[in-house]
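So, here come the structures, one by one.
Two complexes are shown next, each including chain A; its partner changes from chain B in the first to chain C in the second.
Coming up: the complex of A and B.
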């Protein structure tokens, strides 16, 4: 068992990490907002953790707090992400659909160019020698695992709460939701902030996990990858991004023995999944088990948010 | 909750580390390079170098009669991929040491993993500052940019002492080029030249009108470009097309035949600082062997990354021979952990006559390379192929 974990520990934790990032995209999507800003907040959180972990200025903190400095980094990342998400979200969420997606891509690009040019983020090389919470990569499941469980519980509870219903109403028809007395701007910003905070915390946990942090972490490519997680997994329940993130992150590694052809197979899986599972994995599963999903919309609903 | 999780993790770890095993034969050496993603352009050149080295050294008898076997794991272009490739090589393929990864950023991510598990790593193309400092098991055969870059400036000034003003351009999203450009700028200032403008671009850019216009407006005598083949080549082309007449120095990223198809006839005359030159030393037998083997397949001279990866594998193989001499035992009889430890010590002793010339790795794992080269690009009449003419 220990041997298996030595081999695959990093991969297993990566699966959890990617699933969490997929979920950070899911929350805005649950309120009908196609936001690709997650990598930006992920990068921000990672930089906060890397800077607090390595900069001399924070040395007294590290000395006096011991390992407690790590939870502090997560809190800082969450706070900074929430603040930035509010600043960006309030104007950006006036945009809809593809325009919002474009604006969030621009946001990710701005953060990337900033981090390439700032002294404190280490430019193109980034920040390295980030202090470690655990010796082995596998140990990081002790931080990502609980976060995943909490997020799942949170997402699950949210679906059945007043806020969750408001999200769904906005997703289905914003005008109708507005007419029913739902403060659409407030809920859209809330969904955006939830996603941003999650991405920021995951970033702060990932900087020690990856040993280093640089501008290559928050890119447009990552935005598209996370979007693929949600689309393949299904955007109608919290399980969708979990399945999608884990499957798509695992695939290239599971196919590693195939050497050069592994990316071809990977691509084929994506194509077939999007053709034959238009509702994503979770949507298809839900269709085959009717009655289990109370309150969810009938399968086959056109997905205008995709 | 957290303490319990830690306890479980620790138990699992000790369970994994408990049993010992010997090194397999043929001796497995790990090669973790970018064979996919956009970094593969560089990674593939390195893979070729590793493969030629495997064939060459096995034909010479391997490690005192025992063959070596290179185990390839693709890192892709990202940090997580590099860690995955390293984990696979260390735990599943049981390699004695690893050559890789391709990018410095990937090295900062994956090398600490190998270092904690006490597996020697040799970086074939990691030139950023701080790589050997990652740990005692990390070394490199790629000379840091700070050493290579100034040679080209010196050569340009020797050819045209009237150069006064300089434009510096670099790919800001690439770690290597950013730090190389910094070195160029320092060198230029030290030589008493004036930096008229500093322009940044991205390795993904194709249109350089803004940068070229700024360079032309500054009316400079010399343009120094730190970029990779596609962007750097296009930048050179657009500079010349829009009428720039001065000298051009290309950084190490342009030290590849891949730029010939990009800038075509406009590549003519670029001065390039090189850590490797195919024509640098005609008496270097091992370099001649590499060139011959490479030409047989690719009909051109090997690029720098190919030569550096060849050198990295060579250092591994020759160090393994030293391990056998020191321990007076065949590698195949040694405990894997012990073999890795001894290999790491051996890598850092003595010197190696490689295609890069004579090199050695100091105790910190940093390379000391005796000669560097400056070459000028000479394009053929068809404007599509060209050569690096060695000038110094």
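Coming up: the complex of A and C.
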């Protein structure tokens, strides 16, 4: 039983983690900004946790704080991600659409090459033996689970708030939003920072979970995977990345018995989903839901600018 | 009478093309001011310069003696200059109500965290914003369509929603870019009284671009005529109608 839970616990935590990373891409997208920077902030958060957890310099912290060093790592990761997101976001968000996507890919790549070459990040080998927060992998659901719930509540309420409406107005028509009194630069940067902080905290939680951290944690492949999560799940509400992240991260595991052909099936699912579910899973579900909640997001509207 | 909007020697060129050259005029408090002229005369460009969507090449625009030129569009909107667009630019994926709620952004305060935590002040503000949204929709006759997506509204309703959205900003100056475009005769007639009513009710100063000359003549206190980026006439409708330069611009010289 313990073994079963441990194996499946790993998978379950991974699904939650991937859903969270999908959400980190969703927030900028909610304000119309196609940013693929999440893996960069994820890597940054992980390195912060790994460094604070292993470096001798921080030994007194670990000794005096005990397990409280973990929440401290999350806070540090959040703060560092927010700061870096401000530095990167203010110039980068002057770019639009695919140009912003390219700039954020470059950002991820710069961080990756930096971490490959710096001593403090362990170079190509990375950092091993990151202290564990829990004895079993299963236990990590106790940190990722609450983060998922908080993020869902945050995202859901954000959509129905003044700031969330400003995000959506910018996504619909940036110029009209500006002419209607919305400081578009400010809200684009804010959306970018929210996504970055989330990715950074997920990274800081993941380093102890994975026990090791290296430059393979933040790559271009991951950017594309997260984007697929959001597009398949739906980009019009916070539920989209939840569904998309969990389903797509589970798919390779579910298809594991098919051995190598699972990659083909995986690819086919992506292709068919993008053809037949252009609104994503959440958008399609919302279209068929009969009772429209008061103030609910109108769903199922073809998007002109993806 | 102190002018509300003062356009001072404004020029704008696109490459070698002079879209506007040294246009100056002033619009007084509560005036309904028409801007007419053939296509390409620079009317929409002038609106874009006033609202900050485009930088001027020279000159300046002032609102009650304070310079607007150089401010970003959202700052100009905050100061009470709202507009509609010639080619309707609603937030199409948002409901009609949400469109009107978004426009109250500059008049409300809720931040990221108070919005997400739903503090008491924020919830009260949210209720006010929604109530006011419904009121404005009611005013333009769209209360029954509040929950529909803006893109699902009929063309005339979209035009009215754009005006509603601009009103929700609580402007003192309203810029209407061809509000009657695509409307039939009855709708155009309705629009005239609607604009008058709104201007009186909200104490608005209105700048209006319109091609439909009878509507402009009927509605406006004064009219400015642009032709190839130059101001060729300004004055009350009857005077402008009789102006030879205007007749020439519209009908061509003998």
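Rule of thumb we're sticking to: the second predicted complex is superposed on the first by the 288 of 306 C-alpha atoms of A that agree within 3 Å, B and C clash if a C-alpha of one lies under 4 Å from a C-alpha of the other, contacts with A are read in each partner's own complex, and residues count from 1 in each chain.
The rule is simple: a residue touches a chain if its C-beta (ideal position, glycine included) is under 8 Å from a C-beta of that chain, and two chains touch if they have at least 3 such contacts.
All values reported here derive from a predicted model rather than from experimental measurement.
A.B. asks: In the overlay, answer first, second, both or neither for which of chain B and chain C A:260 touches.
C.D. replies: In the superposition, A:260 contacts chain B only.
A.B. asks: Counting residues of chain A touched by each partner, does chain B or chain C come out ahead?
C.D. replies: Result: the larger residue contact count on chain A belongs to B.
A.B. asks: With both complexes overlaid on chain A, does A:204 touch chain B (first), chain C (second), both or neither?
C.D. replies: Neither partner.
A.B. asks: May I ask you to decide whether A:182 touches chain B, chain C, both, or neither, giving the answer as first, second, both or neither?
C.D. replies: Once the two structures are laid over each other on A, A:182 reaches chain C alone.
A.B. asks: Given the touch rule stated above, what does A:12 touch, chain B (first), chain C (second), both, or neither?
C.D. replies: neither
A.B. asks: In the overlay, answer first, second, both or neither for which of chain B and chain C A:228 touches.
C.D. replies: Touch partners of A:228: none, neither chain B nor chain C.
A.B. asks: So in the complex, the part of chain C that touches chain A is made up of which residues?
C.D. replies: It comes out as residues 51, 53, 72-74, 77-78, 82-83, 85, 89-95, 98, 101-103, 105-108, 110-112, 115-116, 118, 122, 125-126, 129-130, 147-149, 151, 165-166, 169.
A.B. asks: Considering the complex alone, what residue numbers of chain A touch chain C?
C.D. replies: Those residues of chain A that touch chain C are 153-154, 157-158, 161-166, 168-169, 171-173, 175-184, 190, 194, 236, 292, 295, 298, 301, 303-304.
A.B. asks: Quick one: which bits of chain A touch chain B in the complex? Just the residue numbers, please.
C.D. replies: Touch residues, chain A against chain B: 1-3, 5-11, 14, 112, 116-117, 123-126, 128-129, 134-139, 141-142, 145-146, 210-212, 214-217, 252-253, 256, 259-260, 262-263.
A.B. asks: Which of the residues in chain B come into contact with chain A in the complex?
C.D. replies: 1-2, 5-6, 9, 11-18, 35-36, 72-74, 76, 78-81, 83-84, 87-88, 91-92, 104-105, 108-110, 112-113, 116, 128-130, 134, 172-175, 177-179
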